[in-house]
Amino acid sequence: MSSSWGNLIHIQIFGESHGGGIGVVLDGLPAGYPIDMDMVLLQMKRRAPGQDLTSTARKESDSPEVLSGMLDGRTTGAPLAALIRNKDTRSGDYKNLMKLPRPSHADYTGHVRYSGFNDVRGGGHFSGRLTAPLVFAGAVCRQILLCHGIHIGSHIRAIAGKEDTPLDPVTVDAVQLDELSQQFFALVDPKAEDAMRLEVEKARLDCDSVGGIIECAAVGLPAGIGSPMFDGMENRIASLVMGIPAVRGIEFGTGFAAASMRGSEHNDAFVPGDGQVRTLSNHHGGVIGGITSGMPLLFRTAFKPTASIAKPQQTIDLTSGKQATLVIKGRHDPCIVPRALPVVEGAAAIAILDAMMELGKIPPYEGGRNHDA
Amino acid sequence: MSSSWGNLIHIQIFGESHGGGIGVVLDGLPAGYPIDMDMVLLQMKRRAPGQDLTSTARKESDSPEVLSGMLDGRTTGAPLAALIRNKDTRSGDYKNLMKLPRPSHADYTGHVRYSGFNDVRGGGHFSGRLTAPLVFAGAVCRQILLCHGIHIGSHIRAIAGKEDTPLDPVTVDAVQLDELSQQFFALVDPKAEDAMRLEVEKARLDCDSVGGIIECAAVGLPAGIGSPMFDGMENRIASLVMGIPAVRGIEFGTGFAAASMRGSEHNDAFVPGDGQVRTLSNHHGGVIGGITSGMPLLFRTAFKPTASIAKPQQTIDLTSGKQATLVIKGRHDPCIVPRALPVVEGAAAIAILDAMMELGKIPPYEGGRNHDA
Amino acid sequence: MSSSWGNLIHIQIFGESHGGGIGVVLDGLPAGYPIDMDMVLLQMKRRAPGQDLTSTARKESDSPEVLSGMLDGRTTGAPLAALIRNKDTRSGDYKNLMKLPRPSHADYTGHVRYSGFNDVRGGGHFSGRLTAPLVFAGAVCRQILLCHGIHIGSHIRAIAGKEDTPLDPVTVDAVQLDELSQQFFALVDPKAEDAMRLEVEKARLDCDSVGGIIECAAVGLPAGIGSPMFDGMENRIASLVMGIPAVRGIEFGTGFAAASMRGSEHNDAFVPGDGQVRTLSNHHGGVIGGITSGMPLLFRTAFKPTASIAKPQQTIDLTSGKQATLVIKGRHDPCIVPRALPVVEGAAAIAILDAMMELGKIPPYEGGRNHDA
Amino acid sequence: MSSSWGNLIHIQIFGESHGGGIGVVLDGLPAGYPIDMDMVLLQMKRRAPGQDLTSTARKESDSPEVLSGMLDGRTTGAPLAALIRNKDTRSGDYKNLMKLPRPSHADYTGHVRYSGFNDVRGGGHFSGRLTAPLVFAGAVCRQILLCHGIHIGSHIRAIAGKEDTPLDPVTVDAVQLDELSQQFFALVDPKAEDAMRLEVEKARLDCDSVGGIIECAAVGLPAGIGSPMFDGMENRIASLVMGIPAVRGIEFGTGFAAASMRGSEHNDAFVPGDGQVRTLSNHHGGVIGGITSGMPLLFRTAFKPTASIAKPQQTIDLTSGKQATLVIKGRHDPCIVPRALPVVEGAAAIAILDAMMELGKIPPYEGGRNHDA
């Protein structure tokens, strides 16, 4: 398999960048939940290209057609399929890629994996475009979570080393996350924007690219969600987030920085809260032993700089086996981090909904509208 | 589920720290592969407690009994089950834990998850002791991989901020990894040991603990292994490694540092090699788009400081809901990083074998010993 | 989940009878295999309604649009998605079904399962129409199997008690199965057709329906495919075939009749064949202990009479809880057995391909067209 | 994989007939449920060999040791592992089996599947002995179901063509099923016993064996359990039951006989019941469209005659490829049907619990014993 994920909620993504269309099937959704398509489209738009100079000039309206699983604005419980047509495709730009694989792009590994038969046009199934259906799926799942008081949001923690103020892992709340989750260039401190954009623009003018870090949080999760060992919240989230192109790492709570700390610093003291146990600090990022503590769930994910850059690069000619120079002509993002915000949030939403459903925490909408006793 | 993992190779771990025993079932192993039990025991011993002052004084011989799936030293293809008895258990030490959950330990989250019915003695199913069966499983899988020229090893990249020389992601080879994978306190540069041990010892004397980072590599992997999106090598490895207690983050190749780099720095130029394509640098850590490139696979994983420390800590009394002070009397590791080396290597081995088998790359041993044509 | 199946080949079906469309995603297909769309359409046509008096008058061209996973007539290895639009929908016919569930139809159980939110128009996701994507998926898989010498076919073993000559479990071959698998009303003995059609026509004129039995076989399967216990060929095939609406039972080889036999009658003696072991008889239906023997694989599956009949029926009014009489006005099949032939064959193809891939028996097409050594 | 099953409840069976032991791990059980070991042992005893002349003379006490997942007689929520030691093993009896595969036994297919490396002693992993852990797992699951008012039982519907009175699919109730589920030679009409035993005894004296049919029912299941297509109750039960050695077919409700009926006969009219919808007849066997209707769930499963018979049989010598005569010396059952009753019931219990949990219908035991609000 490959583009298939989940236990209770099952996500099947399909499509290739320049094929007939891309899309997703969500199987196992609870029935009766209202899905506001405007909220879905807002998330799709956050990811869509062509919005400013940080992203590719490719224009895609990315309007999903819901083929099944919804009726009168509500989930039916049957698999929800959505299709997004590809429109602005210029395959000619990519015709030499089969011969000359782009460095650090899946051209080469995909070529070997699929014995040379994969669709290389526009990156094929490896294209960042395939994150659009993931955003769609996430936007559906997060609306179901919202009905249960769970809010998810993220911000650009850093681009090219220019940092935003971190989320406060103890005080981050629904209001802050809801606000962040509607912005394109979401930041805790808006003053961080100029320095970040400057780095992206410098890279763009240099025919180069930059990477960055996204920090994502979820609040409203009850304690006790997730399972030990391989079905913990971290495993689930990591196994989805690692599927987003360009992600190179993920850390929960204090993450890698915890490796330099002492236990007495890192341990989070339990304290009585309003009807629930809380912790004074939140180095654990809301998850201990794979299971939620009721504190905000928090993770960061690292994005490498976009592999497709306009600068001439050294590669190999797969037909001759000889050294070659590659000049990429397609349209590419100097920085994909802003567009990745709704992708990361969506992945978190899918993982959380799956874990909630596994424990029977998502009942039929408002108890259902059965006519019979 | 929880302690169950895999597609082709299926790992089922069971056990609680102070119960009748812990163990693992490996289903789906290829038949006929010779398993050298001494090599398995060597890995078990690397993880076993009580070896020096960095670890708990609990003594467990950890000798696994193979119950099924092996005959005459070879895998039979049927599920391979191994049982490790618990011996040196002193449950009395833990009797107040149900009331007073240890900060940053799964006592509390496990209590909520299992509605107060979980076995809390010694951490129950959340105990670090449950990594013993994972090491066993990994030790079996890595021997099968060795038959196909794949070598895995790791070193302590850092403890409490004291660093070892990193593995060279381009030149790391089978000889270096084989050597590392047999050591208890595995280091690239042995001179780093004293500084690390000093930090651990200081923490121990302070009734405290420290964390660290493990760097793991695999060489000999052919290009083209793994699948895009959710079944990539990173997803598989992360979904296993995140199941190791105390792990807080994972990064592949250059990882989080890539977020501050430019594409022209981070991209790895393709060059002709000896009968295979190689890259000049290896920021991609051997995996692009979820699929191996044939270069060394490399990842790092962050361990938080051990949660169980002897210092008095603030917690909550679950029976009264009031604030309380906890003094932990059990035996605990001031640093679990050295013991975690074979766990991380084992997790990598399982993930890699699973991915190899998915693509039919692990044939019957030496073509099988069928008697019929 | 629900409409999701598979280990190596993953099938995700979606759609509702009167929604935007129905379809399927096949994930995990091997790359490079040529797929002849005419062969796919032939199978779709065998299942399509409106061909004669045995089936509903609803007209659906059922022409699938391939959205992804194919390029230049070959599989790319990425998920293959196909969409079939719904056209001839007359939802008005079904508007009273939410109130008055059809006896022995999923109207009632679906209503409870989905808390009243399911799409009931035309049977929604429970419609027999959902077998169209299954046929598509099967038609793709069987072409891949054909490249490896595996042929699948079936015939109408019985309709309303009128029987066809059984397939000979020992001598059935590729020629016979290929011929059967292209016919609409496939029979071993064409003389059985009239009696069967007479029963169907009598039932139709009586506003009633009839059931039947389909017998399916596969030849060319190597010995040693499948796994013991829960991943045997029988388990895999049964778990798919039981998903076909109206199926009420499945039996392998001699099946239920074996229950009345003695071991000495039922056991199949092994004999030397042309380079492979064979059995003199084939009561085992080509599978022993879940694993293929190399003899023809053979199973039968029972279809109940179509639940939707025009006769007035007793049911319950879900709004009042009171007794009511239902008169169904939609267009329905007096017998779905002929249309189910390609569905059963398709299910068998999917299960067999999945099992073959699990053992690495489906290499890249002709070794791949990699340019690099 | 092979011996691994489940979505929410995960069952992993291991062991070989003459190895160190056999057992099972159940992962995903709800926490806090009391498990009465005497009830488990009763089911184990029903399956155990050596009870009368219908079964093998091999004596195995089959007393399971619970290694984990239970504390103070309750499930902890962690994986529940049970080990059954092999005692009365006489491997010498089987030493010529590798050379001379038993007709209709998995000796040959297992030999090919595992390239000659499988453990053939006593049938290895293919032995009927492997149903002991399945009975254990089922006995645990059925006790959890009992807490929710679900009762499962079965009877010998036929042996060697001698029939018992069928269960009444409408009136079968908890009292009848509880009674049946405690008997060794469970029958609806005890008068059927003599004729059945006579057939078994005749076969035994003829060095032969006989098959039979088991009919199993479950009552107390709420309506709305299960999912359409591939995760229906029939698919789940079939995929487990087909893993029981010697099973050749399964049918639900009226099953194969439905194929000869008309819709007007087979359709079950809905009628108002005591606070729930019922059907007048129950041809549908409690499941429509994969989902329970609230009526008794009912299925039958066919067992072939035991393959291992003492009569000389024709087989092939795998070393020479030549014809040979096999005389089996081991101890075998002339009829395994009576011993299979708790196996079939157990499989049904596992499948039903899994489906109930998928819909969140199994809450923590009595709301849990959490100390905190």
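Going in written order, the chains are labelled A, B, C and D, and every chain counts its residues from 1.
One rule holds for everything that comes next: contacts are C-beta pairs under 8 Å (C-beta built on N, C-alpha and C of every residue); 3 or more make two chains touch, one makes a residue touch a chain.
If you're wondering where the values come from, they're calculated on a predicted model, not measured in any experiment.
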{"item": "Topological distance between subunit A and subunit C, in contact steps", "value": "1"}
{"item": "Chain whose Cα centroid lies at the greatest distance from that of subunit B", "value": "C"}
{"item": "Between subunit B and its twin subunit C, rotation from the CA superposition, multiple of 5 degrees", "value": "180"}
{"item": "CA centroid of subunit A to CA centroid of subunit D, Å", "value": "44"}
{"item": "For subunit B paired with subunit D, centre-to-centre distance based on mean C-alpha positions, whole Å", "value": "37"}
{"item": "Separation of subunit A from subunit B, taking each centre as the mean of its C-alpha atoms, in whole Å", "value": "26"}
{"item": "Subunit C residues counted as touching two or more neighbouring chains", "value": "1-4, 7-8, 13, 78, 112-113, 125, 228, 277, 316, 318, 321, 372-373"}
{"item": "Contact graph of the chains (line, ring, star, complete, other)", "value": "complete"}
{"item": "Subunit B residues touching subunit C - in the complex, by the definition given at the top", "value": "7-8, 78, 228, 275-277, 357-363, 372-373"}
{"item": "Residue ranges of subunit D in contact with subunit C within the complex", "value": "1-5, 7, 11, 13, 101, 103-106, 108-110, 112-113, 125-126, 130, 158, 160-161, 203, 206, 208-213, 223-232, 234-236, 238-240, 242-243, 245, 247-256, 258-272, 277, 279-280, 283-285, 287-293, 302-309, 311, 313-316, 318, 321-323"}
{"item": "Interfacial residue positions of subunit B with respect to subunit D in the complex", "value": "1-4, 6, 8, 10, 12-16, 19-23, 25, 27-28, 31-32, 65-69, 71, 74-81, 83, 99, 111-119, 124-125, 316, 318-319, 321, 364-365, 367-373"}
